[in-house]
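The letters A, B, C, D, E and F name the chains in turn, as written, and every chain counts its residues from 1.
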Amino acid sequence: MMMQFNPMFKKKEQRMSKLLFLSTAVLGLSSTTLFADGHTQDYSESGYFIFNTLLFLIGGFLVMWMAAGFAMLETGLVRSKNASTQLLKNVALFSLASIAYFIVGFNLMYPGDGWIIDGWMGGFSLTGLEPAGVGADGVDLTYASVGSDFFFQLMFCAATASIVSGTVAERVKLWPFLIFTIVLTGIFYPISASWQWGGGWLSEAGFSDFAGSTVVHATGAAAALAGAMVIGARHGRYKDDGSVIPMPGSNLPLATLGMFILWLGWFGFNGGSQLAMGTIGDVADVSRIFANTNTAAAGGAVAALILTQIMYGKADLTMVLNGALAGLVSITAEPLMPSLGLATIIGAIGGVIIVFSVPLLDRLKIDDVVGAISVHGIAGIWGTLAVVLSNSDASFGTQLLGTVSICVFTFVVSYIAWMILDMLMGAKVSEESEVEGLDKTELGIEAYPDFSK
Amino acid sequence: MMMQFNPMFKKKEQRMSKLLFLSTAVLGLSSTTLFADGHTQDYSESGYFIFNTLLFLIGGFLVMWMAAGFAMLETGLVRSKNASTQLLKNVALFSLASIAYFIVGFNLMYPGDGWIIDGWMGGFSLTGLEPAGVGADGVDLTYASVGSDFFFQLMFCAATASIVSGTVAERVKLWPFLIFTIVLTGIFYPISASWQWGGGWLSEAGFSDFAGSTVVHATGAAAALAGAMVIGARHGRYKDDGSVIPMPGSNLPLATLGMFILWLGWFGFNGGSQLAMGTIGDVADVSRIFANTNTAAAGGAVAALILTQIMYGKADLTMVLNGALAGLVSITAEPLMPSLGLATIIGAIGGVIIVFSVPLLDRLKIDDVVGAISVHGIAGIWGTLAVVLSNSDASFGTQLLGTVSICVFTFVVSYIAWMILDMLMGAKVSEESEVEGLDKTELGIEAYPDFSK
Amino acid sequence: MMMQFNPMFKKKEQRMSKLLFLSTAVLGLSSTTLFADGHTQDYSESGYFIFNTLLFLIGGFLVMWMAAGFAMLETGLVRSKNASTQLLKNVALFSLASIAYFIVGFNLMYPGDGWIIDGWMGGFSLTGLEPAGVGADGVDLTYASVGSDFFFQLMFCAATASIVSGTVAERVKLWPFLIFTIVLTGIFYPISASWQWGGGWLSEAGFSDFAGSTVVHATGAAAALAGAMVIGARHGRYKDDGSVIPMPGSNLPLATLGMFILWLGWFGFNGGSQLAMGTIGDVADVSRIFANTNTAAAGGAVAALILTQIMYGKADLTMVLNGALAGLVSITAEPLMPSLGLATIIGAIGGVIIVFSVPLLDRLKIDDVVGAISVHGIAGIWGTLAVVLSNSDASFGTQLLGTVSICVFTFVVSYIAWMILDMLMGAKVSEESEVEGLDKTELGIEAYPDFSK
Amino acid sequence: MKLIIAVIKPFKLEEVRDALKDIGIQGLMVSEVKGYGRQDGHSEVYRGAEYTVSFVPKLKLEIVVADKDASKTVETISEVAKTGKIGDGKIFVSPIESALRIRTDEKNDDAI
Amino acid sequence: MKLIIAVIKPFKLEEVRDALKDIGIQGLMVSEVKGYGRQDGHSEVYRGAEYTVSFVPKLKLEIVVADKDASKTVETISEVAKTGKIGDGKIFVSPIESALRIRTDEKNDDAI
Amino acid sequence: MKLIIAVIKPFKLEEVRDALKDIGIQGLMVSEVKGYGRQDGHSEVYRGAEYTVSFVPKLKLEIVVADKDASKTVETISEVAKTGKIGDGKIFVSPIESALRIRTDEKNDDAI
């Protein structure tokens, strides 16, 4: 009755055609015979490629999951009358980023030999993957499959756009925001990211940003800052007497869930950025990165917890959430080299930063609904500079150069883009629409229609 | 003070007994020595098996996670007075599917040589896994461990049942629904799935359905359609004057979270269906599948976004969620062969389909609470036919044959099952119970007792 | 236009320095040449280490995710007026556990040769990881990287603390709770866990607890029980006439999501506890564990479903959630050896247990908000004893000895700690604060400010 | 003018609203209440503990009408909201001394 | 008949309900309100910005009683809902001209 | 005493509250209602089906004031809540026969 060896037929036809593919591919290159012909498969050649590709796939789906994290965090931190709109923006931005990055972004960011302006701007072409059933002669055995790499890198691009949506929430019009997303993910981000990760001038200059404290996070924050400045604050947020009117998030469980999702996804974000796990050294490094990433987040959360307790007499949950994220952002530029202790401290300083930065931005009347500019921008710059604490190859000057040049570039082009969008279609909804809520006026659908509000 | 080499004792006793197992197993088969005896371990034999098994484990837990996705999506889309019941149904259906698939489903679906009616109906037996600490002589080295395969396949079976629960929500009685779930996951699904994935007549006929646009999704939709027809619409849903009364979902953040969970899980669904990642070709294929799956979802979401904006003047969040899912369903029959561009288009057409299909079903007075028939059924059929666009081995005729035969079979047996259940115990709650909400009448527990409704 | 071979520059500089590391490391030890020099990489030596490390990383992030599961489960089961506080506690406890375990816990738990009291109490030192870019001579090739091991073990420690927070919810003060968390995760748990997993006296005695039914779950429950006893019940929970006043959870979708997250995370919890997947036997065992873990959860849920339906006339969703978790806890002591059928039964008995245990504790006026003592404690002890059903190496006497000694130890030290905290700062909030809700009095922030309550 | 306070079963709202529109009642407000009367809650089991749900959810309508419309309003609601089962609700009438439409400053009967 | 409008602290609901049942009051409705009076909100810090919570959550009971029961109803509520601390709430009485039980068409005192 | 019932647009709450404080009104309660009047819902499309949202969310203020304060209260609310657009809301006045402060047993005008 018990079945020990279940001959599997599932998708037999695909399986079979695959084996043919493989035989050809493998036989041409290796003296070991395929398992189907004699039960062995030589990994001395393919193992490294397989492990690395697997790292990208796992890392990629973890970072993809961060899209849900941003969506929940932001939706939890807006008022319920804007929640549906925030959800739609998050789903749409991720989808549009996916398409824009495939159509232009990826090759613009990784131009290989195809720079238009050498080291500064890549070229434009659709992304193509290896053919199905590719063999050893069709891949770069020292790296990973293009498909997995594209998948992984795409998620970083989408994360950049997610950062923006949190800052400009509750007042930006849907379509201008989505058009900005396309430009950001298709053009702006790929260009500045190519300077570093595409082998451009910044990487030549010796800038070091392991997983993107600057390349991803501060970039997103710079684009968000430009948006916040062009669009302006939410109606009623800053009173004439200088006081700040809080507009508490409507669903803190959702926001907390979002934070946890981001924390989880960050293991893919930082760990995957090792770009390899097919050797002892690589996989041990990925482990270090996981451990450091976790402890930096913990440091950020604890710092914000203690600080808000002391400063305000009551711990502030939303600051603790921001603190954990700031810890994560801070360690992102160098999650490998620090010891656990240093990583905790780097994260904790990130947490301290945002406790001061959030009210500071309010004093400047820059209305950042979820604290994204502080978390991803200020802590991102901190993290980039903190690389020098543990990585002796990095110099403070170059780190500063890198983060300033990318932030300034992104801020300027984003500001121009937001200005154009504002002139063409108006970037901000009407005051009445803000008061009634974007869900009613922009979408016509309530997030929680059964609950009175 | 810093500890470099931490001798690990955790679970030493298990570790030790395992090593004994292994020595026996490995020594009998391979000339390489075990690491414990001289620090080497030969992967030419076992590597393929290990990688494939790992793919199933990762794919399996990702697809398992889809159970949470369905639960959240559906609970977000029902009214709050039915939310607890929808949650309970989802937890219970997954649990019952797990047990039914172990007791009969798995071996019925993969009969190997044990067909009762050759190519049409397998046999009945409990699932047995390899013994603990199995060696190379106890496994099929060209595949993966039975445990991982069972785990992976089970999740597909459970997904089929999840589809049904969304359609018949807000009115079906708990126990008839659960009994239907047992029959569907223990008998109906395994039988029709065996025709293709168990090596039955459809697979012989050359039908191609990589990860189950038809075998899983349209099957679930056909069972759901039968249920919707037997049970009838929710009270007050269709007025005599032909107008349709919307019953908006009570918690769109939850629904959106559900969609994101499903999107994430789908990488396991489609990627794992490659069934192998132990070669360059396989792992590169899995990468292609990840990239294509993602872009098809994006295409579906963007298509629904643009279309609802144009058609109704306002983007419809719930349609965009359905659109992304329709994109995923559409690419599921062939996530490997299309280019990124074609995959995006296939997904986008899925998104377009549901924008028309959802109101069409309403016009036919088929009350599908979450749009599951459109998303999984209509888009599933579309995806199955779309295989011919990129896979030259597939013919339109066979694809049509496959999807029609599975859908008709499932619809007919499901219809009969629902009829019997309806006669025996009444499948639908009373009108009063519908009005008061199933949470009160069926469960006696509110989902959100603190909020007024 | 299509790019086939994309030379990747991302993070080139890190890549390069890594290769140097590796060459040195690998050349010194192995006769195979590195891929960079001739396209081969020998896995006979490193493969086992890489696979095992990968298992810890995947297992670790899955168990980390359980922190979100506990947070959602607990927040869904408290009343909305205490929801923010419950969220904060969960974020903070995980963060503090991360730091405490790094500073003292890990090395206290795995003392290697550094016991202070042999087999009973390890030593105190910071956790150190392997250096970045470590080579084969710097790691234990028969195990996995220290970083991954630390990461994985840390998550178990944090889970222990999460269990406590559910029981004492809605009345414990924030800071006493957090201080208890530090002591529990830094000292108490590492000590009792070292007895078994650190190679201490219990492991010498032959106690068997694969993934921690006792070492983690019953430990957490014992600490929770001590807390519940010292702090006392929630105001108004037990009337003088002996009746129990239910205080229904405010957000059952959230609680259900939490349960699903825990279910998912448990694959990492139990599967990762195999501690290896680099051989056929190991990876097949991990598969068995996944399948058994899933079916035990299903068994627990179904048992609670049927039982509450029969006993109360209506199925109880919260009991079904508890039932699934009890199934998971029950199988945790031995997820490998049972057959699928036995695993289902072990889980089902867990589900039955909690249906009786939850009201029993209420009769004893032990106020356990989420049922954690029943789920993790009673079912944990059951699971520990149930090891003898399938593992012939385990004896009932030793299993009893193990679970009793760990539970008693934890209960006693926890009781003392709670007493001290209560004397020093008062562990329980004022009655008025309870009535108004901790969110208002302890945090000053509502979880759902837009919804009336 | 009169203030008519009607407590009804929630699912009757749309019907009552339509009926009132038909007899020319041009404004009202609804709010959610919980109540008890003859229909007196019911007992449930939650996690093994039996308890009584003391309040039943109802909707409260408040309608200010001209004196002449009061009785037909009461009658209409009563007819439409009746199911004959316990818990159908009640209608109370109380006096209103003045009314004002904020937008136009119209007063009393003109403001309704 | 009289309509008794009582604003009380939310946690007093069960006690008030029980006390009213004891003196034979057979129906009422409750709704959630926010209010201020002497008890006038409190200030909090949210993300570094100080602000005032202007309204305190209360429950409003509305009870229609026969004239003869009015004063004992008021007294009972007043006794049970009193904590002596600020924010205990208020009780207002206003006239009701007619009452109707929808289910049975009973009128006035019979309808209550 | 009078009970002033004012239905206003939700976003006017803070302004009305501040204005009432300025004229010395020391207590009120607010609740959420849905209503219709001249402003009569709007139509939306949900999943391809057109439908009418029949009710517009409003806030209802209930304020008990001494007789002498009634008219200035009505005027103040009316001024501040006016936007001139449809749906601004209405103010009704009805009699209150007695008032009681639970905490202190103060009565009538002293209780307000």
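Operating definition for what follows: contacts are C-beta pairs under 8 Å (C-beta built on N, C-alpha and C of every residue); 3 or more make two chains touch, one makes a residue touch a chain.
A quick note: this is a predicted structure, and the numbers were derived from the prediction, not measured.
Asks: Using direct touches as single steps, what is the fewest number of steps from chain C over to chain D?
Replies: 1
Asks: According to the touch definition, list the chains common to the neighbour sets of chain E and chain F.
Replies: Both-contact set = A, D.
Asks: CA centre of chain D versus CA centre of chain F: separation in Å?
Replies: For chain D versus chain F, the centre distance works out to 18 Å.
Asks: Using Cα averages as centroids, what's the distance between chain B and chain F in whole Å?
Replies: Between these chains, centre-to-centre, one finds 52 Å.
Asks: Chain A to chain B: how many Å between their CA centres?
Replies: 28
Asks: When you check chain B against every other chain, which residues touch at least two of them?
Replies: 43, 47, 54, 58, 126-128, 130, 139, 141, 146, 248, 251, 257, 314, 316, 318, 444-445, 448, 451-453
Asks: Which positions in chain F are in touch with at least two other chains?
Replies: Residues 31-32, 44-46, 94-95 of chain F each touch two or more of the other chains.
Asks: Going by the touch rule stated at the top, which chains touch which?
Replies: All touching pairs, sorted by chain label, are A-B, A-C, A-E, A-F, B-C, B-D, B-F, C-D, C-E, D-E, D-F, E-F.
Asks: Using the touch definition up top, name the residues of chain D that touch chain C in the complex.
Replies: Counting only chain D, the residues touching chain C are 44-51.
Asks: Mind pulling up the chain C residues that touch chain B in the complex?
Replies: Counting only chain C, the residues touching chain B are 43-45, 47-48, 51, 54, 58, 62, 79-81, 107, 110, 112-113, 125-128, 130, 138-143, 146, 149, 153, 197-200, 203, 206, 208, 210, 248-253, 256-257, 259-261, 263-264, 267, 271, 273, 275-291, 294-295, 297-299, 301-302, 305, 314-318, 320-321, 324, 336-337, 339-341, 344, 393, 448, 451-453.
Asks: What part of chain A is in contact with chain E in the complex they form?
Replies: Touching chain E from chain A are residues 243-246, 248, 312-314, 316, 318-319, 355, 358-359, 362, 371.
Asks: Provide the residue numbers of chain D that touch chain F in the complex, in ascending order.
Replies: Its residues touching chain F are 1, 3, 14, 17, 26-31, 62, 64, 94-103, 105, 111-112.
Asks: Per the contact definition, I'd like the list of chain E residues that touch chain F in the complex.
Replies: Residues in contact with chain F: 2, 5, 7-8, 31-38, 54-55, 58, 60, 74, 77-78, 81-95.
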